[in-house]
Amino acid sequence: MQFRATIISNQEVSPGYFRMRITAPPELAGAQPGQFVMVRVRDAIDPLLRRPFGIFDVGTVLSEYPGCSSATYLELLYKVVGKGTEALSTYHHGDHVDIIAPLGTGFDLGAPEEEKILVGGGIGIAPLYYLAKSLVERSRVRFFLGGRTRDDILCVTEFERLGVETYVATDDGTLGDRGLVTEVMERHIREDGRKKTIYACGPMPMLKAVAEIARQTGTHCQVSLEAYMACGMGACLGCVVKGKDHADETPDYRCVCKDGPVFAFDQLMWV
Amino acid sequence: MQFRATIISNQEVSPGYFRMRITAPPELAGAQPGQFVMVRVRDAIDPLLRRPFGIFDVGTVLSEYPGCSSATYLELLYKVVGKGTEALSTYHHGDHVDIIAPLGTGFDLGAPEEEKILVGGGIGIAPLYYLAKSLVERSRVRFFLGGRTRDDILCVTEFERLGVETYVATDDGTLGDRGLVTEVMERHIREDGRKKTIYACGPMPMLKAVAEIARQTGTHCQVSLEAYMACGMGACLGCVVKGKDHADETPDYRCVCKDGPVFAFDQLMWV
Amino acid sequence: MNRPDLSVEIAGIKLRNPVMTASGTFGYGEEFAEYVDLEQIGAIITKGLSLKPKAGNPTPRIQETTGGMLNAIGLQNVGIDAFLEKKVPFLRTVSTPAIVNFFGNTVEEYAELAERLDKIPEVAGMEINISCPNVKHGGIVFGTEPKAAYSVVKAVREATIKPVIVKLSPNVTDIVEMAWACADAEADALSLINTLTGMAIDLKTRRPILANVTGGLSGPAVKPVALRMVWQVAKAVKIPVIGIGGIMTGTDALEFMLAGATAVQVGTANFLDPAASERIAREMEQYLVESGISDVKELIGALQV
Amino acid sequence: MNRPDLSVEIAGIKLRNPVMTASGTFGYGEEFAEYVDLEQIGAIITKGLSLKPKAGNPTPRIQETTGGMLNAIGLQNVGIDAFLEKKVPFLRTVSTPAIVNFFGNTVEEYAELAERLDKIPEVAGMEINISCPNVKHGGIVFGTEPKAAYSVVKAVREATIKPVIVKLSPNVTDIVEMAWACADAEADALSLINTLTGMAIDLKTRRPILANVTGGLSGPAVKPVALRMVWQVAKAVKIPVIGIGGIMTGTDALEFMLAGATAVQVGTANFLDPAASERIAREMEQYLVESGISDVKELIGALQV
């Protein structure tokens, strides 16, 4: 769906990280956790391409936002890294952006009785909040959150408010444990033998470590990937990753935008 | 001089016409009437090139503009015609633009005892107000102002407030006389035999008519031209017009940006 | 006034309006069906096809540049068998003509593809991409050497009675010479431009941004070059020309028609605005209405130089 | 840390930093003296010079495009006599080397210009623009035909002992072939790219916007093409390469150096920011400081492919 959204709020929640709430059509309330949106940052040609962002949250507010027919909202959580996100960070209440959403294939919520392990690195938590919201109704959820420093640890209280048990690790020890969040998570998985599903989103090295842990422990695991995207709808083939059966003669490329961004870890080639 | 200006005000004075007041360094108070400025509309690359605008007014205000070391201001009067002027029209009090000013060669104020005839077509009045301000102190000034319709007739009261006698003509007769402003002016010149200088700015057909009247009546005449400009400082040679002695073998091109925008009409080739 | 006539004809293919979607930027049509009413555009040109499935290049494959983008997809595609089985059924459901873009590594591969596509009723025409390395001739690109282009086009021509459009590469000294070679080989139409070869570098990592090092530049940045080449070629050949390169608006499209194009293709614009092709056709119609022009064909080559 | 070393050398010309101003975008240096400390840039390259004064093209001569601009100045210039008399005296007051860009319509004209400039002490070197029609050979551009380029460069080489830089046109199929021809003719260095030929059309008037119909595209839009060509040429030749095309920032300039350029030229950027050349040199220095690099020469060709 393509729509023109009005910005409700756009706040810096930690240095360089913004949380933006925008209006959305009611149909968007049916978005799957893990799906994403493509934002046209400006109507102009700079930046030219849309920018992909995970769905941090979707919901419906009781009071109507003035001038907007629907009370459904969409939230993004984004980190300023370049010109697109910089431009986005200057938007104010009442400004407009053009959105395509929901896109891609999201998380499989899995069997309710299994414990759900969420692992987020830095801005990688963006799609995990909406996922956690859906999961907590049915399953026990633990959230492992890592970042370089305390400034990269976002929205912990939001997760806790959902009733999610949250573990934090930072590289420099300024918040939570010092070290890699994957190590903390691995300990938990190995100590508690029950069946689990891991949901991970974050930088590639983190995802690789998570996939390796999942492989070794025989745990289900879904990862949400990032890739450079032009179209977001499976047409340009810019965003592909190698599927598990990939070979040059018999290519098995998957589109992060359409087949993903969420993949079962064992469907991908991790080299 | 290159400076970052703060926008003091930016108001639509008639449909599609804006008057913008910006801060300026004190040196700018020495700008010559007829000189112009180059505005970098955005820091971004769209629009890429600067846009030239006449100096509508320069002055010094008594109260200090907060956050600005100098109380000198610069005023532009502009018509929205494309993406640069459109972008400019969205600027608000407190926004910034990058300016190069003053540029070019302005009007020669001439002998005080001669009557000064100002002729402006549409947005062509932009450089004439600051000129009128300088002239009224020394000379009798009459202002002939033409436009397509009443909406294209700007700032008449401002000119009258200076003590300038103002005559208006519109193509459709919605304000002042119906017809061409050059005809009204010609009548005045032919009826009143005293020595005069004409100062004209407006669309090319108007300037040609004015130049022809000046030639026939032997009147001094200075015209302010427009041209596509890239640099504004005589380097790119994008803005040239043919000087009176131009021939392909012995080129006599003049830069509108440096040798002009004001030229004595008899220095140009009018074909 | 009646609605203006936007229809044009390219080599016997009737288009309801001059707006086609450029190969590689619109998938197989299906991907955009949610955003574009496919019945409102002139034609769909599908992603470049080869005999065998092709893996394409490693990633990253795309990078934004000022006013444009680089891509080095490397012609990844499903191959003709999967195309016929999985993509053609959707194209059958749309009345808009489907034109199949394809490429090979040898003249024989081009001919074989043309022969196979010739038999498929859903294929209204073929667009041959000659911007590919000629494997037999040490990797020299078919599209930069008039003789090589001639031989490829000739072979395709002999393999099919369907309309044959040749898509020209702009990375040449003399685009007109290339156009002549293709016209001589009895191409029915020419489309141009394909992408300009470019490169982007990441200062931090000191590496090229694209895994393939170089890629093809497209988008509004290249429009002036495209417009110039379309104008040069349209003056020089008698067959119709399809204008491509940085078209974002109806105005852009009409400028290409003034320069001599009978139709246009919209590429990169589909990414920023998935409804771009339909919108551009609508903007063209609006312009005709506002200007009192009853037939878009009046504008073809109407540039006054 | 000490201040990093930004100096480079091109064909014996010592530059305090790698930033030169591109011909035709910086006048004769004097025009920018109010905005740029000319003592802070690497070299000044003056507006293309011919033997006789040249009128250039009718107006309009410039048009903005997406991310770039078209120009069809038509090489208007004052001619060598007026240059020596009116422009050289200012250049004498600046310690920054002045490199004179020039062109001719015949091989003989090129040689004559080189011979005359050879005697002028203020001229540190010459940059020859070969993107000009070869009058004797039916207007074919010297810069698109390796043999023609060779003969022009050879003639200039024989006419001067000063450094000879050849400026290459990007409007060719094979830029490396052109580079080889110039290197064979003993050019001391190559600079690239000149502008890409493009066109703009006004839908309303149905006319080309430039009076000359076509013009040269420059600015950030062309940067990817320029970067690719610089990389290709720098790999292929032993003489130094000067990178040009859409450089707006220190990062852009350093990317060209990674691609193999020993120095760069800043063109269109001077129009939006008259202090661009000085700023870019400063931004390069800042980058070196922040990255702990003591000598900019370490970056030349340091791209890891």
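Order of writing sets the chain letters: A, B, C and D. Residues in each chain are counted from 1.
Assume a residue touches a chain if its C-beta (ideal position, glycine included) is under 8 Å from a C-beta of that chain, and two chains touch if they have at least 3 such contacts.
All values derive from a computational prediction rather than experimental measurement.
Following the contact convention of this document, A, D is the list of chains adjacent to both chain B and chain C.
A centroid comparison over C-alpha atoms places A as the chain most distant from chain B. Between the interfaces A-C and A-B, more contacting C-beta pairs are found at A-C. Each chain gets one centre point, the mean of its Cα atoms, and the points for chain C and chain D are 34 Å apart. The distance from the centre of chain A to the centre of chain C, with each centre set as the mean of the Cα atoms, comes to 36 Å.
Between chain A and chain B the centroid-to-centroid distance comes to 55 Å (mean Cα coordinates, whole Å).
Between chain A and chain D, the centres computed from C-alpha atoms are 47 Å apart.
The set of chain C residues that touch two or more partner chains comprises 66-68, 219-220. Multi-chain contact residues of chain B (touching two or more other chains): 45-46.
Chain D meets chain B in the complex at residues 24-27, 31-32, 34-35, 47, 52-56, 59-64, 66-69, 71, 73, 76, 219-220, 248, 268, 270-275. Only residues 1-2, 40, 45-50, 100, 227-241, 246, 248-251, 253, 258 of chain B touch chain D when the two sit together in their complex. Within the complex, the chain A residues that touch chain B are 44-46.
Listed in rising order, the residues of chain C touching chain D in the complex are 65-68, 70, 144, 171-174, 196-201, 203, 205-208, 213-215, 217, 219-225, 227-228, 231, 246, 251, 254-255, 258-259, 287, 302-305.
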